[in-house]
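Input: structures, listed below.
Below, chain A partners chain B and then partners chain C, in two separate complexes.
Let's turn to the complex of A and B:
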């Protein structure tokens, strides 16, 4: 039994390392295309973390929506909007590395200290479970309004994207 | 026995590190596309936080999943808008540098 636990822990660390390596590549890559690929790797690792957090449905949604749709959209954006030389040069033109390091370290410690000092008490009894029918019921009964609103937001975003991308093409 | 994967703090720190990396990339990148990538990292850190609290603290485990799904939907809408915005800006200014886009400053 403990062998399985060890394998599970090792896989967890593999997902964490995948996430962090992907994030580092996404943030520090010189080519924009490499950054998008690093983002895809990072999101795959996060999908694995969702699996460890008990939600297989969100694991699949993460892979489908983020890796399958958003990253492909970004790849299209990079390939359509830039010439190859600009892809190589457009990243990291400024010299604001010090500013970036200062901002991120300040944010890290400002958030880490309350995180380590806080105590979170788990709920005494569970009123639901991780099953897909219960998730669908919650989504479409209790959060029905938010669900409809996000549909409208997506529709508006798609129409706006089409108008923005095609407007001014003649000139 | 190793049991790092069953602690709330582990996931919170993972989400925090992703969030901070997103902030680093947001300041460091000098292109709209790089900033969009960093935004996705920030949203991902927030999603991990929601899912961690959902798993370890909340009484009803469906709520955090619903919120994470909403974050995914908003991220998809935002990515579509920003990519078309980048295309429009690139067509007009022939650059992707955010500091070069300053027509309203004249």
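Let's turn to the complex of A and C:
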């Protein structure tokens, strides 16, 4: 095994472990802040997996959008919302615990059904042009409708956020 | 050495890593000295003068002092995050060196999305400041972090928009292609003056420097998000800040000021690197100059400047550029 293959394989497992550790931290953490940061670690691991698959563009977008923007907004929300002492008190106890376990198992089994019924065919090795210009062109020509609809959803979300924010200020 | 175990490409990356660390430390040493000297002369005093000739060894001694100091962790702080934050702040600041085009043959990796890489790394910096401010469990730290995130989100947008208008012209995110487009044509600071000015203003804010140093405003927040840090914990934030200045200026030079292009000099392969670094340090001098000339802006003025002026103008500039390019 050449050094490159070894490094690539080692990185793959490192990213997988990073993703799982982040995910476990996000679920298990007692502090809300730790949970959000666990999510950030998990998303970084996913970015690493994109890197392993050879798509640097997706890696960068994952970091820029999910870690750099969304996680930061969540952390900001946590910081503004609670003091550290409040966050330390977990609500994962008593009746809540059973409800949480029941909800997550239901979700798990619901996801398991299509997963078991699906037949997986191994992906073909690079069946066409997947370069950045190709990606851009298909997004803006062939899938233009979907692209625009997503933008409308985001616009609606922004307008909603503004209405919520200004409503709170006046009252 | 066995080349099968250590391929030349890997060796090259190791050398590159060493080079980057050296540049980071030397740059910080030089810039801290330069900043204190320039500040001193602007305020009609000599600045550091005691250690070495004209105080030239002052930063080195300060650095050693920082390294030998104890890293105090406040009792009520969140210990793990408090320790992780300085590392988080320092790592993304070093990463952009990988794609900076120092000269035509001195680029570590010529990534085809180099500019996006730098922007992605810049966005991680905010996370570190937030973690540092929150984990200190100190109200000054928390306020500094909250101001910082509001400011960074606001100023990342004009930076992105102003760089995009250049990308529209070159049709590439690769730093090398952008520089080469300027060598064969006009520098983009002449072609895109509005984008250049917007980038410079937003870059000052992105590096948290005066007049936009709200996150660490000494007179109101003691030291902002790094109030509780001592020793090398503080040292890493400090190093990060000066490296960030270097990165921001380098991007400005590569994207707007013609990168490594300049008059031919009898220095063979080093001519490009010389011109690049000269331009970077001139820009950094201007940043220091601005810091010691203008007072700090108020927070609402800061937000208004970005959302009401910089972003609309950057958008307008982008649209006009797109139309012209398409015609």
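One rule holds in what follows: the second predicted complex is superposed on the first by the 127 of 171 C-alpha atoms of A that agree within 3 Å, B and C clash if a C-alpha of one lies under 4 Å from a C-alpha of the other, contacts with A are read in each partner's own complex, and residues count from 1 in each chain.
The working rule: a residue touches a chain if its C-beta (ideal position, glycine included) is under 8 Å from a C-beta of that chain, and two chains touch if they have at least 3 such contacts.
These figures come from a predicted structure and were not determined experimentally.
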Partner chain(s) touched by A:108 [first = chain B, second = chain C, both, neither]: first
Partner chain(s) touched by A:5 [first = chain B, second = chain C, both, neither]: first
Which of chain B and chain C A:134 touches, first, second, both or neither: first
First, second, both or neither for A:69, with chain B first and chain C second: both
Touched partner set for A:40, first chain B, second chain C, both or neither: second
Contacts of A:31 with chain B and chain C, given as first, second, both or neither: second
Touched partner set for A:60, first chain B, second chain C, both or neither: second
Broader residue contact with chain A after superposition on the shared chain, chain B or chain C: B
Common interface residues of chain A - those touching chain B in one complex and chain C in the other: 2, 57, 61, 69, 76, 80
Complex interface listing, chain A residues touching chain C: 2-4, 7, 31, 33-34, 37, 40, 56-57, 60-61, 63-64, 67-69, 71-72, 75-76, 79-80, 84, 132
Of chain A, residues touching chain B in the complex: 2, 5-6, 8-9, 12-13, 16, 19-20, 23-24, 26-28, 32, 35-36, 39, 42-43, 46, 49-50, 52-55, 57-58, 61-62, 65-66, 69-70, 73-74, 76-78, 80-82, 86, 90-94, 96-97, 99-101, 103-105, 107-108, 111-112, 115-116, 120-130, 134-135, 137-139, 143, 146, 150, 153-154, 156-158, 160-162, 164-165, 167-169
Residue numbers on chain C that touch chain A, as the complex places them: 4-7, 10, 76, 78, 81, 111-113, 116-117, 119-121, 123-124, 126-127, 130-131, 133-134, 137, 142, 145-146, 149, 153
Chain B - residues contacting chain A, complex: 1-5, 8-9, 11-14, 16-25, 27-31, 33-34, 36-38, 40-41, 44, 47-48, 51-63, 65-66, 68-70, 72-81, 83-88, 90-92, 95-97, 99
